[in-house]
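Two complexes come next, and they have one chain in common, chain A, joined by chain B in the first and chain C in the second.
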Partner chain A sequence: MIGIVAANHYLQPIESDASLPSLEADLRELCREPFRRIDRFIQLALLGSARCIAGQTLRPECGIYLGSGLGPIGNNIVTQQQLIRDREIPKPFNFINTLGSSAGFYVAKNLGLSGQNLFISRRRASMEAVLNLALADLLRGVVEQALVGLVEEVALPLAVHRQRQDLPATQVLAEGSHWLLLQSGQQTARQLRLHRFDELSTLENFLFGSWMQGDCLCCASGMERSAEQRLQRQFPGCIVSAWDCAFHDSLDAAWLTEFAIGDRPGQLFVVNGNSMRGWVLFQLGA
Partner chain B sequence: MDREQLKLELKRMIISECEKDLRPEDIPDDAVLIGSQGDLALDSLDALQIALAVKQQYGKRIDGNNQTRAALTSINTLADFILADKTL
Partner chain C sequence: MAGAYIRGVGLSCALGENPEQCASAMQKMQVGPIDLQLDDFHEPLRMPYYRIPDDADLFEGSRFERILPPVARMAVERAGLSAAEICRLPLFIGSSCFSIGLSESHYAAALSAHPDTAMPMPLCGGYQLIAAIIQQALGIDGDVYTYNTACTASANAMLGALRMLKLGWYQHALVIGAELANRTTLAGFSGLQIVAQRLQPFDAARAGIVLGEGIGAVVLSAYVGSDSDLRIIGGASNCDTWGVTTANPDGNSVAAVLNQALADAHIRSDQVYGIKAHGTATPMGDTAEAIGIRRIFSKTPPVTVIKPYIGHTLGACSVNELVLFAGALERGFIPATPGFETPDAALDLNPATTHGAAPDGCYLLNHFGFGGNNVVLVLEKNAS
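Moving on, here comes the complex of A and B:
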């Protein structure tokens, strides 16, 4: 049994090319110390994780499992421009932060954690990859607490950010930092379960058997579109699609976090996958 | 550019590049820049950041040899290094 001990996040639609919202005032309030040499991706990670663990006592050996579809994209662009366009040696602060794992380092430092610290990217299935590993480690007793975060950054201009991701010109974009504190053997209000299916029909049968009035099904951005349409026909009016929301690669983490925070009755199901690699279903309920 | 103007510029550059919460007037011209015992407590990564900024802004390369590395001792030595071979 894996319980969600705490959850919180930052989710902000980005609709203007003028500038990204400043996070500094929030970080000054939430961080133990002012950090130098951090980029926006690290700022987002610090903000979401600090909100999540506010008022919680963490074990120093709590594991950090950080995921992202695009990683520190803004800093990567700056570094690539220095290297390729300008033919300059990249600035050290930019260069070291091209590693997504830099963010995990600062989160650990801010929260006083010394356990394992992993960064995983699997594009539009990053939450699946991160949660899969965190849940496996919790169930096997590798860690007793796991702080799981998904962070997605927007790099302006918006049109280029859409083009980079092959998104339609009308797609609204978002930045996010979504965090769950998980603990094994913990009876909490929200329990998280992971199910895997080779066939979509088996997943559908499972949903029909588990579905209760008021439940909600969300299709992640990595979900095969034809399968999403099929589920929409099976569960009319009950489905939220990533493509109908202010979008980033790990929007499924936003839904899980939002549901975990709230006291909405029922269950949340989040599905991702395709017919080649199979289907994963997260079930969050009481 | 005169020497005093250059020193002010260098202080602003170091504050900006190293993200230090300081004002230029907080940095004495002879303050030790690098090392945990230094007045600014900058480390080797800061030194590399400053070296690249100096190269980009002033075209002067601070490399690994002792003579040029000594340029990073203080604002005074950094200004001397940049002004060497230049006519004011």
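Moving on, here comes the complex of A and C:
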């Protein structure tokens, strides 16, 4: 049994090229100490994780499982411009922050954690990858608590950021930092279960057997589109699509976190996969 | 399941283009970094570098597509998996560079052609480039886990694969460590002023790292293959928040992760026959590692460092060094550590200067990285 002890997030559509919203006032309030030489990706990670664990007691050995599709893209752009355009050696903190593990380092430092600290990526499915790893460690008893976060940053200008990701010119973009605190053997209001299916029909049968009034199904943004359309026919009016709102690469994490925070009845199912590698279903319910 | 068997390996690094060639070169103690000069910057850079001995330009964009598939294919073919097993093989990838070299080339070309509109940091596959190349070349369509935890990336990938195999979620896993030359890494480490002219792990005169490139592949399996007698039986990972670029030199976090790894493998410290140290040869890094090791062992077992043979291959170092170390164990020796000459009394840790015997038993594989990441794996020889 894996319980969701806490959940919270930051999700902000970015619709103007003027500037990105400042996070510094929130960070001053939430962080134990002011961190210097951190970039926006680290700021987003600090903000989301601190909101999530507010009021909770963490074990020092709690694992951090941070996922992202694009990683610290703003800092990577600055570093590459220093290097290629300006023909300069990158500044040390810019270079160090190109590594995804820097964000997890600052989250651990802020929360006083010394356990496993991972940075994982899987394009359009980073949530699935980090949750798989966190659940594996919780189930094996490697950790008793897992702090799971998905962080995505926007780099201005927006048109270039869309171009970089091959997104349509009309796609609204968002920044996000979505976090769950999971604990093994913990009876909580929300439980998280992982199911794997080789065949889509088997997954559908499972859903029919588990479905209750008020349940909701989310198709992850990396999911095979024909399968999503098939599920839409099977569960009309019950499906939310990651493409319908402001987008970032780990948007399925926004659905999961939002549902975990709220007190709405019913279950949330998040499905991902394709017909070759099979199907993964996260069931968030009572 | 008590561990994960090493069922197939592949490697391309400064020592050669397959595991046997590399192990043979290591046995002969062939050490040969090139003298690399980069004139791309206002202040030219010059450093030793362990490059893969292909004929291509070091920064040529297609090197990943050319070097990576044969290494992965070598490991998969040696593992003797069926077509169906290969199709669903999960990939666990550890790297520090991913598509950054390709991205640099594209941006430089765009700047040259259209300086006002060139898009910096084109993704060029981003973190997924390595997986995409392997999937396309080998017809693999399994789950992908891409780790970016600096120099521990492929060690964490190995640990993740081991844990999922133990849970029975997968029967086999392909673990990749991949690091190829790129300007960001070379200039970035140069800017940190920790690049030395010579690699001298744990030596009193050690002055820093020497970088290298290499691509390694390991197929781990939940059950024994045809002639596999090596398996990963445990491991642990923790985070030291003392500093973003080095573990606390008091050795506490290193000792902690060593203890956790021993516990995970259900062995005692006196059952460890040897240690493949991380041994970056930075003053602080080697201090933390040496003191951490001495806290665990009343009598330190034989210690070796692989980096003087192939350079520090960063996020790929765990898989690359495992393949080399495994090759040495199979040939019956623990490799000597070239570059170690003068013991540092403060460390009291002396890697062997000649090859030693490699009996059956347990060996520790240490890895430490930026971001406070510490990972130790436990390897058992003659597991079958």
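Here is the rule we go by: the second predicted complex is superposed on the first by the 286 of 286 C-alpha atoms of A that agree within 3 Å, B and C clash if a C-alpha of one lies under 4 Å from a C-alpha of the other, contacts with A are read in each partner's own complex, and residues count from 1 in each chain.
Everything that follows uses one rule, which is that a residue touches a chain if its C-beta (ideal position, glycine included) is under 8 Å from a C-beta of that chain, and two chains touch if they have at least 3 such contacts.
Because the structure is predicted, anything quoted here is derived from the model rather than measured.
Within the superposed three-chain model, A:88 lies in touch with chain B and with chain C [touch as defined at top]. Once the two complexes are laid over each other on the shared chain, residue contacts for A:96 go to chain B and to chain C alike.
When the two complexes are overlaid on their common chain A, residue A:132 makes contact with chain C while staying clear of chain B.
Counting the residues of chain A that each partner touches, chain B and chain C differ, and the larger count belongs to C.
When both complexes are overlaid on chain A, the residue A:122 reaches chain C alone and has no touch with chain B. By the touch criterion defined above, A:73 reaches chain C but does not reach chain B. By the touch criterion defined above, A:175 lies against neither chain B nor chain C after alignment on the C-alpha atoms of chain A.
In the superposed model, A:34 makes contact with chain B only, not with chain C. With the contact threshold set out at the top, residues 88-89, 91-92, 96 of chain A are in contact with chain B in one structure and with chain C in the other.
Note for the complex: chain A touches chain C at residues 61, 64, 69-71, 73, 76-77, 79-81, 83-85, 87-92, 95-96, 98-102, 104-105, 108-109, 113-123, 129, 132-133, 136-137, 139-140, 142, 155, 160, 163-165, 196, 274, 276-278.
Of all residues in chain B, only 17-21, 45, 48-49, 52-53, 56 touch chain A in the complex they form.
Within the complex formed with chain A, the residues of chain C that make contact are 40-43, 45, 87-88, 96, 100, 103-104, 107-108, 111, 118-123, 126-128, 141-150, 156, 160, 163-164, 166-167, 169, 183-184, 187-192, 236-241, 244-245, 253, 256, 264, 369-373. Residues 34, 36-37, 88-89, 91-93, 96 of chain A are the ones that touch chain B when the two sit in their complex.
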